[in-house]
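To keep things clear, I will list the structure first and then write my remarks on it.
Note that the chains are named A, B, C, D and E in the order they appear, and that numbering of residues resets to 1 at the start of each chain.
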Amino acid sequence: MTNAQSMQAILPVITLLITGMVVLLGDAFLPFWRRSGVASGSLSLLGIVIAAGFALDRLSHQPTHSLAFHGALSLGRFTQACTLLLLLLAGLAVLLAVTYLENRRLNRGEYYTLVLFATSGAILMAAANDLIVLFIAVEMLSVALYVLAGFARSEPRSEEAALKYFLLGAFAAGFLLYGIALIYGGAAISGLGGTTNLALLHLRQGSVPGFMTVAGLALVLVGLGFKAALVPFHMWAPDVYEGSPTSVTGFMAVVVKVGAFAALMRLFIAFAPAAAYWLPAIQIIAVLTMVTGNLLAVTQTNVKRMLAYSSVAHAGYLLIAVAAAATPAAQPLALQAMVFYLAAYGLMTLGAFAVLAWLSHRDADCQTLSDLRGLVRTDPAAAWLMVIFMLSLGGIPPTMGFIGKWYLFTAALQSHQLWLAITLALVSMVAVFYYLRVVWTLCFEEGSGISVSRNTLAPAGVQISLYVAALLSLLGGIAPIVWQPLMLAARSLGRMP
Amino acid sequence: MQNILPQLVLWLPLLGFLFCAASGLVIKDPKVQKKAVSLIAPGVVLLAFVFALAVLFQTHARTLVPLIPGTPLLEPWFTRYGGLRVDFNLVLDPLSLLMALIITGVGGLIHVYAAGYMAEDKEVSRFFTYFNLFVFMMLLLVLGDNFLLMFVGWEGVGTCSYLLISFWFTDEANAKAGNKAFIVNRVGDLGFALGMMAVWSVFGTLSFFTRDGRGVMDLAAHARVLDLAGNPVPAGMITLICLLLLVGALGKSAQIPLFVWLPDAMAGPTPVSALIHAATMVTAGVVMLTRCSWLYVHSVTALQTVAWVGAITALLGALMALTQTDIKKVLAYSTISQLGYMFLACGVGDFSDGMFHVVTHAFFKGLLFLGAGAVIHSMLGQQDMRRMGGLKKLLPATWGVMIVATYSIAGFPLLSGFWSKDAILESASRACFGGGPVLYLIGLVTAFITAFYMNRLMWKTFYTDARFVNGQLPELHHSNEEHEHHEEAAHGKVTNAPASMMQPLYILALLALGFGWFAGPYGPAGGNLLKNFLAPSVAPLSLAGLQPQPELFPKLAGYLISSLAALGGLGLAAWLYRQHMATGELTTDAVKDSSVFNRLLRSNFGFDAVYNMVFFRAGGMLADRVLWHGLEEDVLNGTATGAAALIGRLSLAARKMQTGNARNYALVMLAGMVTLVLGLLVRVMQH
Amino acid sequence: MFAQILFWVLAAICIISSLVMVGSSNPVRSALALVLTMLSLAVMYITLSAQFIAAVQVVVYAGAVMVLFLFVIMLLNLGAPALPEQPRSMQTVLAIALAGVFLVGLVAAGVFQNLPAAPISAKHLHGLGTVQQIGYSLYSPHQPWLFPFEATSILLLIAVVGAIVLARKQPAETEGS
Amino acid sequence: MLDNLTEAWQHLRNGLYQAFIFPEYWHGIHLPALVPYLALVMLLAFTLGTLPLLIWIERVVVSLMQDRSGPNRLGPRGLVQPVADVLKLFFKEDLQPANIDVRIYYLAPFITMFVALAAGAVLPLGSVGFRAADGHLFSVPLTVGNVNIGLLYMLAASSVSVYGLVLAGWSSNNKYALIGGLRASAQVISYELAMGLSLLCVVVLAGTVKLSGIVEAQNSYPFGLHFLPVFLKGSIFSWYWLQSLIVPVLLYTIAMIAETNRAPFDLPEAESELVAGFHTEYSAMKFAAFFAGEYVNMLVVCGLNASVFWGGWLPPFNCFPFTFVPGFVWYGLKVMMGIFFYVWLRATLPRLRYDALMNLGWKKMLPLALVWLFLLAGYSTLRQSNLSLLPKPASAAQTMAGR
Amino acid sequence: MLPVSYYLILSALLFTIGAVGVLIKKNPIQTFMCIELMLNAVNLTFIALGRYFGQMNGQMYVIFSLAVAAAEVSVGLGIIVAIFRTRESIVVDDANLMKS
């Protein structure tokens, strides 16, 4: 693509960025704007919708050549699918934030700007075809999230979350960058010298990677694994998820995961010819992640923390797709499974956090199990929505989580990685327990949970967000066909240019 | 035309469900509504039964007929990704027809009974809404021609069960019981779902049978199993599939280790216990095993697992039933035990006799529950056997049907239970994979214990001296089945159940008496009617080249031994409790109360001493302490069962890593990084 | 010869000053040691024909980043080493051991020795690292660097917004809401 | 001979003014290779040698402006006063406050001075002409290091110079010193942005960051108007103070004063609130080093100003008699003009408040510099594009080809 | 030019020193400096490799890495200042409100 065409192809990102800047300026210069988050929120939403429109437009036109900006980005259908997914999740996150920030008195326009910028970072992670672009995209996402994690500045927990996330994130970024450097050194293409362009690296089929490349790959895996919260690089997740404001946690939990896994997938498909070397590592990490995440989630009494471990566990599930993609025959299924599961995971996790955000009020976040006690009597709507999300997270039919697990399981079997499939099955059973404990607390435990003295200023946002998430995750379970375009688009990644 | 009748069987209960659900909207007057619902709900099920009978006589159902071919109601599911197509097809074969008959027949009777039983409840329409939905889902489960439809039914009946257990959800115990059932079943369902996924990924289809012979069971009905593409399926994959499906069956059919939910499920109304937790839903696991018999016969490992799980469940269930004081709990454990028999039968490859026991069990266990319900109904909700006794005089009709059922389940010669149980024992003794004699012995011991505890129930309920002075309850124990506006409650009178509740009992009693003979080896038309009827839908062991071991002893000797076991158990209980009654101790229990043991010891019956030592001390201890308190309450009970407790402990240990100190986190990251990098380098060096 | 001596001298300065940075409990001294490391790295960059990067290294790292560090240290008055280090804690021992294993492993595996052959010639080195080359690479429509360059601008904008969000005194907070 | 003369004349007309033309080799010694050493000597002599003079100039000029007598005791019009000052500083007792970070305390003043001196290394003091063996003429800029990142080097050096102030303030263990140091560093960092951007305006026009290249690029017709008379080529009207449309030179001049912490931006040493700022605790030689560092700094930034905006060694008009004054004299004069400007400001303007200072830097100068950079970039692009009717400026390519 | 491996090993050494520093420093500012050292070490790798290959790529990476480092610094120091404001202490080990 020429640069002009490339610009056209990343219009979604450009739209997001421009929207973010407009929100920032509006918040800075228009006093009425500052009073409530509605203006910023709805403008952000508008931007997201327009961006989604552009992405849909791209998705419906099969691009002949997907490399943009001379190889910096790959804007094929896989990228557009991830973009759409990210935009959907970001839109829901913005909606829930409007209410939450109002409830918690955290309303500031910068929030939306940062969310929009972080989303564009995640999109670029999914699009990055050059490792250095990936690095920049990771940092765009991370830097915005460091700030968002510490957005509730008067709360020590929020600040602590930001500090931990930042220090460990920067540490991981160091590894990521070093890994990129080593890959650059190890991948000399005759006549060109080193490169970090994945499309160029991909051409070297069948060749044995050098030590430097392999070490670099491992280090990049560390960097991305940190973002995706893979064991043993996951330890920040519970603390940060717990401390961050709930709306941020929800956003962080889903958007980072989508970006990180898209990037992981792209990276490892590019290195698929060398699968013999890295596949065992991925498998081991996947098993470790699934087991550890589920194990630690069992005894948590803080729902945000439990969901953090659950997101670690889901990262393990998703890694199965990456492992499965190493087998060429299973690659399309693995890609489709990953995108579908990301959608499922995103909707249900965001939904769960949205419920918590809904119940948070001025003085406190709703986050412990006891806050949810007997909610079905005091606030049946919230309780039942939570039940749906919990069932979906547990992979119980007829929810999207079930179908997603189905795809992952079959992908693992198709790539003859029986152990991954069995581990998935076993830990899923463990997982059911702690998800259902939330259901139990909601429905059957006596006593009153958090007092819902709801500020009625902007409850619509979170409600729309919740109902959309619930509807989509149920719809995805009953009729997965609604996600077909995305899945078909995702399958195209295997055919690298 | 051929398709319409079976379809009616399926859709009629759905119509009933819709009607009941909408009745509140349509009919304003609550009395009229109640009456209409009580009429329509049993009506549709009985009508469905009539149609099912019609199907039976019309087709003779000798052949496998996939119904409604190519109605792709669910076509959009999954198609285009992975090439899976799931049609909304039904299968009509002897198995599904038999099950349909039981569901609609026994179900219809129980509906009629329930109309009387629930007459005084305020929410009859809600009850029948769930009840009819359950019948529909159960029919879908047995009639569906693919795993997915079966799974929908599977989930559907689970949901209905959950709703009905916690029907009186205002009581927390009920709600908890419902939740427990729900949670434990989810574990099983996950196994089923995973098994289904495995089937899809191995075979590429989910259908059982298709006209062109490309269903899973069609493919498995050969000496070598081939997938759709014609490649042989590895034996390990079949074992995996079978074991995963078995997990589902274990949950649904309350086998070890997933049986804990069933006793608690007795919190629901008694008709629910009769229909769902005795006659139909809990046998879904057996039905599924039978349906998949074509797969199971290819995996000896899976068969062996099934058989041993079944045998152990049968024994443990029976032992646990020994000490129960709640009349419904006894029946619940008895159900677990009997389901164990069915699993045992399936495990040794004798699927048709397993189904035979399903049928007879539906009759006598349904009868037992309904009889118990009548007792409870008469006792105004009292379920504790220690507060019963001497009811024979007060409730003679109930006693009559109960005694038939008891003797039937105990395996009294020539009654229904005798035939089916004996067939299972014989098959078990000839198990193709060895270990037959042990299985047989376990079965026999179980039969003995079964006879004992069933007669114990009868004695404690009906014979021992009346605790009622002139039909008055000395103390009225309120329980959850208490009906608030029950007029007689104030007087505490023991009343007979209304006739509408008794009618179904007589019919079931008749079946419990004679069906075994009718379908058994010495029945009309050359005998083995049921076996021959089922033959087309059940895989023979010989398919995979398996042969049963030679008989241990001649057939007649077998009958004799099992008759002796049954009679011994019955007799022992009768003798013991007669003693007991003579002593005048009313509130004690021979099994539970050790002072009775002492008294018996002091009476210098030499046999008593042995009996005490062998049975009560050891058996009682085992049953009471180890199994009931130890195994069930501590280890298996609640959500923190067995593995869960272990996981919880592991989790607590692992949590110590999470110190909250970012430097430690970074250290773990570095350790992971170093391991990863060096591990990969070593791997590259090796190549 | 001169190049070799220069390398060893610079390497020694780098290593020693970075060790001082890690070892010192006084943040200001750490910061100065780091500045020294950065400056000697900048000189090393010049020997590696990266003059522009060297200048930028000094401007950005030494001139801006580290000054900011010092600034914060002084603003928060953290100069006094109030934090006694525990030199022999498990954490430290493990950290050093792991890092040692990592370094030795990388070097022993020959990660840095077995490089692909480089197409090096005078032609390649001509103008390498000049401002013109940098500009050409960054802005040429035929190089892939235009997009990352634009992306960094957004990244910096995020950082600016973020820093303001974090550090600015909120009117809402002072109102005591 | 004639050819040589013609060529020399052409060379002069092209603006590379040379008072003297040396042979390239002299007894086998490659003379151009010696130019940096010459430059080094000149630089050191000029900076260190003029320091006492500068002190004197400052005192005298200020006194003149403030209508008072100024130094008048030692020597004619107090001319020997600086010598006495220096002697006093040398021989004063060296006091060492308690509880200081000794190493850093002693290091700080020398960092200041050293960095300021090092920054001067890339300033082109003039241009030396040589005749090659084949007879063609070429010139070598009179600078210690004629590096191709000259301007960046200056920026780097000025950004490092902060350390001296900050560390002095911090190591003194004195809150006035600390606040003075922090203020100084904040001020320097803030104004560095505007300074860098205003310099970038010139880079956009010149197409190079090499300082000698920038000076040479000013040796052209004003605004590229080729029809103007030759004496205007490389004249005061073609220097970048005018070609960049005046604003950058204003910005740079303001920023340069702030960078050196001089009045009216001498907040770091505001006596009324901070005693003497970061050097409160310094005395004797160490104070002298600060003092010297400050003056060297002033010289260096004025030198940069002269090179970048005021034509460096170029004479104000490309004709007799200006062309026959050596380039480095012109350069020195320009630098001294800058120093005079410094003193002028000090004598006339009151000190700014701190927030006003920050406001000026961030909210006024930075945006203005940005806008101007864009403006000039657009203007430059327009002139380079073929659509334009305007004549082309010296582009980077031409500059490179020319050398 | 010296063998490129000299530079690479030097940079690996610096990277490792930085990583160790991250693990053992209690003051987050110092931790953060160690992270900066890690990034600097990587930059050296990039430049040495770029020189070895005779291409500009290495230096381009460094430019981006510098920009990223600058962004991280501004946000990181902002966080540290903010946390100091709320709790008057910035010791990493003290930041453990949330654990297990």
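Methods note: contacts are C-beta pairs under 8 Å (C-beta built on N, C-alpha and C of every residue); 3 or more make two chains touch, one makes a residue touch a chain.
For clarity, every value in this text was computed on a predicted model and none was experimentally measured.
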item: Chains contacting each of subunit A and subunit D, listed by label; value: C
item: Furthest chain, CA centroid comparison against subunit E; value: B
item: C-D or A-B - the one linked by more C-beta pairs in contact; value: A-B
item: Identifier of the chain whose CA centre is least distant from the whole-structure CA centre; value: A
item: Most widely separated chain from subunit A, with each centre as the mean of CA atoms; value: D
item: Centre-to-centre distance between subunit E and subunit C (centres being mean Cα positions), rounded to whole Å; value: 6
item: Rounded Å distance between subunit D and subunit E, as computed from the means of their C-alpha atoms; value: 35
item: Euclidean distance of C-alpha centroids - subunit B vs subunit D, Å; value: 96
item: Subunit B and subunit C, separation of their C-alpha mean positions in angstrom; value: 69
item: Where subunit D touches two or more other chains at once, by residue number; value: none
item: Junction residues of subunit C, two or more chains touched; value: 52, 56, 64, 68, 75, 91, 94-95, 99, 102, 106, 109, 111-112, 115, 118-119, 145, 148, 152, 155, 158-159, 162, 164-166
item: Residues of subunit B whose C-beta touches two or more other chains; value: 655, 657-658, 660, 662-664, 666-667, 670-671, 673, 677, 681, 685
item: Every chain pair meeting the contact rule; value: A-B, A-C, A-E, B-C, B-E, C-D, C-E
item: Touching residues (chain side subunit B, partner subunit E) in the complex; value: 655-663, 666-667, 670
item: Residue numbers on subunit C that touch subunit D, as the complex places them; value: 26, 28-29, 32, 35, 39, 51-52, 54-56, 58-59, 62-64, 67-68, 70-71, 74-75, 79, 130-132
item: Residues of subunit E that touch subunit B when the two form their complex; value: 19, 22-24, 26, 31, 92-93, 95-100
item: Complex contacts: residues of subunit E adjacent to subunit A; value: 8, 15, 18-19, 22, 28, 31-32, 35, 38-39, 41-42, 45-46, 49-50, 52-55, 57-58, 60-61, 64-65, 67-68, 71-72, 75-76, 78-80, 82-83, 85-87, 90, 92, 95-99
item: Subunit A to subunit B touching residues, read off their complex; value: 163-164, 167-168, 171-172, 175, 208-209, 211, 214-215, 217-219, 221-222, 226, 231-233, 235-236, 238-239, 276-278, 280-281, 285, 292, 295-299, 333, 336, 394-398, 402, 405-407, 409-410, 413-414, 418, 421, 425, 428-430, 432-433, 436-437, 440, 443-444, 446, 479-481, 484, 487-488
